[in-house]
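Going in written order, the chains are labelled A, B, C, D, E, F, G and H, and every chain counts its residues from 1.
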Amino acid sequence: MDVRLDTDRHRRRGIPEIIFGAGKSAAQIIRMARRLQQHRQPVLITRLEPALFPAIQAAVPRVRYDAMARLAYEDRAPRHALKGLVVVTTAGTADIPVAEEARRTLLWLGSRAVPLFDVGVAGIHRVLQQQTLLRRARVIIVVAGMEGALASVVGGLVRCPVIAVPTSVGYGANFQGLAPLLTMLNSCAPGVGVVNIDNGFGAAYLAHLINTTRSPY
Amino acid sequence: MDVRLDTDRHRRRGIPEIIFGAGKSAAQIIRMARRLQQHRQPVLITRLEPALFPAIQAAVPRVRYDAMARLAYEDRAPRHALKGLVVVTTAGTADIPVAEEARRTLLWLGSRAVPLFDVGVAGIHRVLQQQTLLRRARVIIVVAGMEGALASVVGGLVRCPVIAVPTSVGYGANFQGLAPLLTMLNSCAPGVGVVNIDNGFGAAYLAHLINTTRSPY
Amino acid sequence: MDVRLDTDRHRRRGIPEIIFGAGKSAAQIIRMARRLQQHRQPVLITRLEPALFPAIQAAVPRVRYDAMARLAYEDRAPRHALKGLVVVTTAGTADIPVAEEARRTLLWLGSRAVPLFDVGVAGIHRVLQQQTLLRRARVIIVVAGMEGALASVVGGLVRCPVIAVPTSVGYGANFQGLAPLLTMLNSCAPGVGVVNIDNGFGAAYLAHLINTTRSPY
Amino acid sequence: MDVRLDTDRHRRRGIPEIIFGAGKSAAQIIRMARRLQQHRQPVLITRLEPALFPAIQAAVPRVRYDAMARLAYEDRAPRHALKGLVVVTTAGTADIPVAEEARRTLLWLGSRAVPLFDVGVAGIHRVLQQQTLLRRARVIIVVAGMEGALASVVGGLVRCPVIAVPTSVGYGANFQGLAPLLTMLNSCAPGVGVVNIDNGFGAAYLAHLINTTRSPY
Amino acid sequence: MDVRLDTDRHRRRGIPEIIFGAGKSAAQIIRMARRLQQHRQPVLITRLEPALFPAIQAAVPRVRYDAMARLAYEDRAPRHALKGLVVVTTAGTADIPVAEEARRTLLWLGSRAVPLFDVGVAGIHRVLQQQTLLRRARVIIVVAGMEGALASVVGGLVRCPVIAVPTSVGYGANFQGLAPLLTMLNSCAPGVGVVNIDNGFGAAYLAHLINTTRSPY
Amino acid sequence: MDVRLDTDRHRRRGIPEIIFGAGKSAAQIIRMARRLQQHRQPVLITRLEPALFPAIQAAVPRVRYDAMARLAYEDRAPRHALKGLVVVTTAGTADIPVAEEARRTLLWLGSRAVPLFDVGVAGIHRVLQQQTLLRRARVIIVVAGMEGALASVVGGLVRCPVIAVPTSVGYGANFQGLAPLLTMLNSCAPGVGVVNIDNGFGAAYLAHLINTTRSPY
Amino acid sequence: MDVRLDTDRHRRRGIPEIIFGAGKSAAQIIRMARRLQQHRQPVLITRLEPALFPAIQAAVPRVRYDAMARLAYEDRAPRHALKGLVVVTTAGTADIPVAEEARRTLLWLGSRAVPLFDVGVAGIHRVLQQQTLLRRARVIIVVAGMEGALASVVGGLVRCPVIAVPTSVGYGANFQGLAPLLTMLNSCAPGVGVVNIDNGFGAAYLAHLINTTRSPY
Amino acid sequence: MDVRLDTDRHRRRGIPEIIFGAGKSAAQIIRMARRLQQHRQPVLITRLEPALFPAIQAAVPRVRYDAMARLAYEDRAPRHALKGLVVVTTAGTADIPVAEEARRTLLWLGSRAVPLFDVGVAGIHRVLQQQTLLRRARVIIVVAGMEGALASVVGGLVRCPVIAVPTSVGYGANFQGLAPLLTMLNSCAPGVGVVNIDNGFGAAYLAHLINTTRSPY
């Protein structure tokens, strides 16, 4: 049966529909991607298993694959046009794939994104040394597994909104990301909004909306 | 023993420390409020039981009480100076106290806040009829209990960031707000950030940061 | 040891026993299917792994396999005899296998079933445009993963009963379908009954009972 | 601020908006009830605390109160016009308030409702002796706390749809109704739809929709 | 390092230590089994993966393997010496492996065990027809997944103790056996003791203790 | 409406229906108790709030109240006729009300019951010193809150069945008895059956069935 | 019945049995306290409701009450004999009662205890400014509710063991202390041991054992 | 991108950063290990899959692999210099890998570690016979799955701190270690600190800090 794509989304939301790749076949993804291209909307496919990419690449023009971020994408705009500044931080090395999903999505959406990885609170000086960078950001994305404490610490240091992404990095009483999710929802520092576990894409989308919002003055 | 207030917060975050009233005695709150006033920082007390307010009013100059929002506050600025536009929606009538906590906090922080209550998805035309208002907002706060579906619907209609606040309104398998919390974290519409259950204050704080962020252009 | 089949079920419930294929060996399933055929009752096998079908096909006459729905079945009646109208909707593409389990079961039971897929609330106009179809249904099945908000929206639009099927489509705080399950149980629109996560078969069975109930007038 | 009532609901769904009384003030409820009466729609208020009724009675004409069911209602139609047959069963005596909420709602909506209480599975003969009554029903509502097994047993005996209502009756590992909720969602007998814990109103609403559905033949 | 076996257990409890096979290497199991045989205690190994049995068979005299029950065992006594009567029932076909673990363990311990499978409550007549057998039992083991309602029904029919074993058979809101576990703990029929999910061995051990207890008269 | 009592229960199960007092009004309980007495069956009412007893005492002849156990009961038999031996142990002092519910129920049912309180594992010598008593029991009931470890320790010392009753004694990560419930279900010593949290009555009922079972020899 | 006190505990563990006051009557507590005094062991009663203290004070010589810590105690030793240094920190003001339970217990046990309150991570400079004090400690107790992030930050700064106490301070997705409990169990900084929610006493007991352990050199 | 190692950790905490191997590539681990060696800090890699070790061994000098403990390590000091005494106990055989992770880490850190395995409470005499060894320890680590009762029993016998490590050994209502985790957090014996499920490394780290703390006298 045919695919029902929300091609009106670009008009409503300013951003075209993005294809969530998990649980879809290559054939379904290809049909969706082509439909987008027929409507002259650029393609972004998230959570795409590497094994599916060759078939997609053969059928959909201009898409590239970022293996760390598990994203296939069509470049939208030259880099020099990127706007604002979103800093994407991680607490640990194992959180990087989720952070890269966020960073790559930000670039695709048109925001400037700078990584700041491995600044977890077990060595608090690492994040404190980066306050100059953090203070220049319009939005900060904090990606953290284990106990997820970094979001509260960053939230307490800055004036800009913080988007917190719990990751499923950890074991035992981490419960696949439940621990950092609860940590971030209970942050003692206000100014922190939370997205789903491992949802680097969602954090980037929200950060881009914030980053490109027009000034009310 | 003495109170350790974070009077440096205004310098770091642009907003003074706000007193979380739950679980504190009137004496503790008074000591904190006076300390803020000594540092010439305006007072906001959240989650304040009505029974505590008379003692606080007697000891702390200029504070007023909003019974619906359970906030005591000192006015900061004349209304005409309010910036931007934050729309605060609720799905139902029982969600209004949380929404009022958000709205009152936004005014205190300096953002313009407009209420849009009782637009739950059981009568979807109610929110659809308000799209003009929603599209004028720089941020939208969606306050919803029961199943919390309003956040996804609003998220799918607009270009601006949405802050979703699950409430503990409901019963049974609502589990004191767990149901709308999970709904909002799993929103199929991207661009939604979530705060803790019943956390109207936190939503307002985050919305204000977004609302007053400077344009990157 | 021998299989104890509830061959009396057809007399009691109007529908013969249906074989739940998960966790059973091909030999057990074949014994059950043959027993049904000996009692001149048609065969339906749900949750059947594709790898088991060839052995079953070789041993049980007249069964066919629907790979998307994971059902093996014996046709019961010509299509023109199908009764009433059940609309089977999905929020997303990844929910389709569960919806197909429902649709195929409805046809086997003797109900007319029409698919309406990919009408999730992130693009609310998609379901609103289909109100004519929805209003013609005697029962609507809503199949949705992620946050499962579609059930409340559809429930608020129509006069007929809605059967909601949460799916395990999603990740993180979806908790394998717990999020849409809670959403559907807490629907702010009354008139929604819920079945187990991914239980397309159960939704179809219940919808068929409703669809074929005799009028009380 | 003013109340936003969904007065269009009667046109869309055939049933006017019903006021959920929990968490609302008497003043809010009175405003809503009067608005309904202005639109010539009859009033039903669920989950109404007894202490609030006198004020409502004084302000809203024609409403009566059912203390067991915690409902205030305005009679809609003479009894002889009631349609179909819904049997409302309970497993135990403590489940009766929820069942009465269902039974009273059914009468208000216009369905014939017959109680069959105290037929829990610890004495299975009690429900088996009532099979003649059960077989005459167009819909059966099963209200059960503790382990909630009655829904599966009834579901296995009849041809009509079963609406299962878990109650919070029980203690310990009942977890305020979670145990019977899971039981009912996992019913080994198909044909069972589940509503929220203690949601007698919702079960009645769904049962009425099923009971009054038009025949497809 | 060496294995510390509780060889004193036979003196204390009347039954030798039984080897829990899950998570142990063949070498560890062989060392334990030989130690038991050195103390002239018969061997029973539970939860033994089939792949490990050949190595064990080669190293430990007289052990046999029951693939359905996943048990390796050394026969203890001729069958004619078996005592009492334990009836082992299942609700469904998929519950049989757990029931066979119980039945085989009972025989090894010296109790007479009779199977009564596939008598789930969706067809309640199946268990009612077996009341003569059930009334002859000194203990009944009820093995059930899905919603686990069989334990309450059997408990309400008989005078003897009932041991309930929830199984992980089911899906979705079954939560790997949590649903029938809660059902059984909340049984409205008293006289039911519960063991861990899928713990056929533990049920048999407890049933044997009850079955062979000396009369107090 | 009238009360449906299972007066057949005595014939089926050897024990009359017992009235669960929680959530019932005095009037309902009195009607049930009188019905039992009309059928010459003795009365036992569990979980009876002290405030309800005077009304019941005035209306139902011969009932007495045990405030610690929260039971009202009619004496059934002279004490010298009590059979077997059930030892009722507690880990701590706060567990005693649940243990007394069990002990009083045992006496009412006709079993000999001996208390052994305050023998928790923090002072393991206390239970070890009582092994002579424990070895004389036909059944042991272990009542324990906090972490509930006593059940495993007792289970490892004796030949008779152990009935474990988790209590809601504790705080924090005890989760109202969930912690000892899980402990007891996972007991490393086999021969332990578990009943619901705080269910002293249910433990006694099961223990009595075991205690009075006839010898198979 | 009589009280079974573990008077041997002082010999085994070096510390006498301490009375857990929650859920005990004044009479039970008095009997226990007197028994301890008969054995010349000093009295400490935790979680004692203020309303019970007057009766206890009248019956047990030399006990005093600390209302903030909810402890009754008999002084053991002059202050100048206190050993080592335990720093007791809190994240917020509402955590102080739990911290005071810890501090008072430490003094009673014979450890030197210094408070360091209100140093939560929302203002990270507060704890960083106290590193000199923290580095002098032999053990640090971190008491924190909300998201509990302080434990990880302190753990990353020091060489000594950290005992983390989650508190039930918070709301919504805090789940009565579950959020900080999981945070502390998942601490990315090693060297942190966790005790039960709100268990200030247990933290102090463990800290005292560590503080007074003899050097192995 | 480059690796950000906390090479300052040795100065702050007395122990260098330890590499958590799970979820990292061989290349990432090698870069981190070399960085440590450049700073003359010894290497310890935890949770290292065996398949990754050959590549690491080829690239990082002097590392060895302990397959049972899943650790790669560089020897730090001759054994004769080991300090204090930490006893590492397990309840069962399947808990040994976690205990070995602890024991190997202790040796690497410089503590003397003695194993005491298979002393679970189902045969309580096993741990009671080892009291002389237990009393010589400065710290005891208790590693236990299933119900985890050993921690409470050991805690009640000794004067030294106990570190409890729940393991994921078990099935069903064990919930991957949740059952022993709750048991240990609720230990009725004070003096027990808990670490994450299966966290043998964390227990060792904490035990070493305690073991090497300087005496306050």
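Everything below uses one rule, namely that contacts are C-beta pairs under 8 Å (C-beta built on N, C-alpha and C of every residue); 3 or more make two chains touch, one makes a residue touch a chain.
Every value quoted in this text rests on a predicted model; they were computed, and no experiment measured them.
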Of all other chains, the one whose Cα centre sits farthest from subunit H: D
F-H or E-H, whichever has more C-beta pairs in contact: F-H
CA centroid of subunit B to CA centroid of subunit H, Å: 45
Mean-CA-position distance for subunit F and subunit E (Å): 26
Gap in Å, rounded to a whole number, between the CA centres of subunit G and subunit B: 36
Multi-partner residues of subunit F (at least 2 other chains): 12, 92, 122-123, 156-157, 172-174, 178, 181, 185-186, 196
Set of all touching chain pairs, with the criterion as stated earlier: A-B, A-C, A-G, A-H, B-C, B-D, B-G, C-D, C-E, D-E, D-F, E-F, E-H, F-G, F-H, G-H
Complex contacts: residues of subunit D adjacent to subunit F: 92-94, 115, 117-119, 122-123, 125-126, 169, 171-174
Contacting residues of subunit D [partner subunit E, same complex]: 91-92, 120-124, 128, 146-149, 152-153, 155-157, 170, 172-175, 178-180, 182-189
Of subunit B, residues touching subunit A in the complex: 12-14, 18, 83-85, 138-139, 156-161, 163, 181, 185-186, 190-196, 201-202, 205-206, 209-217
Interface residues, subunit C side, partner subunit E - complex: 1, 3-6, 8-9, 12, 17, 20, 22-24, 28, 166, 168, 176-178, 181, 196-199
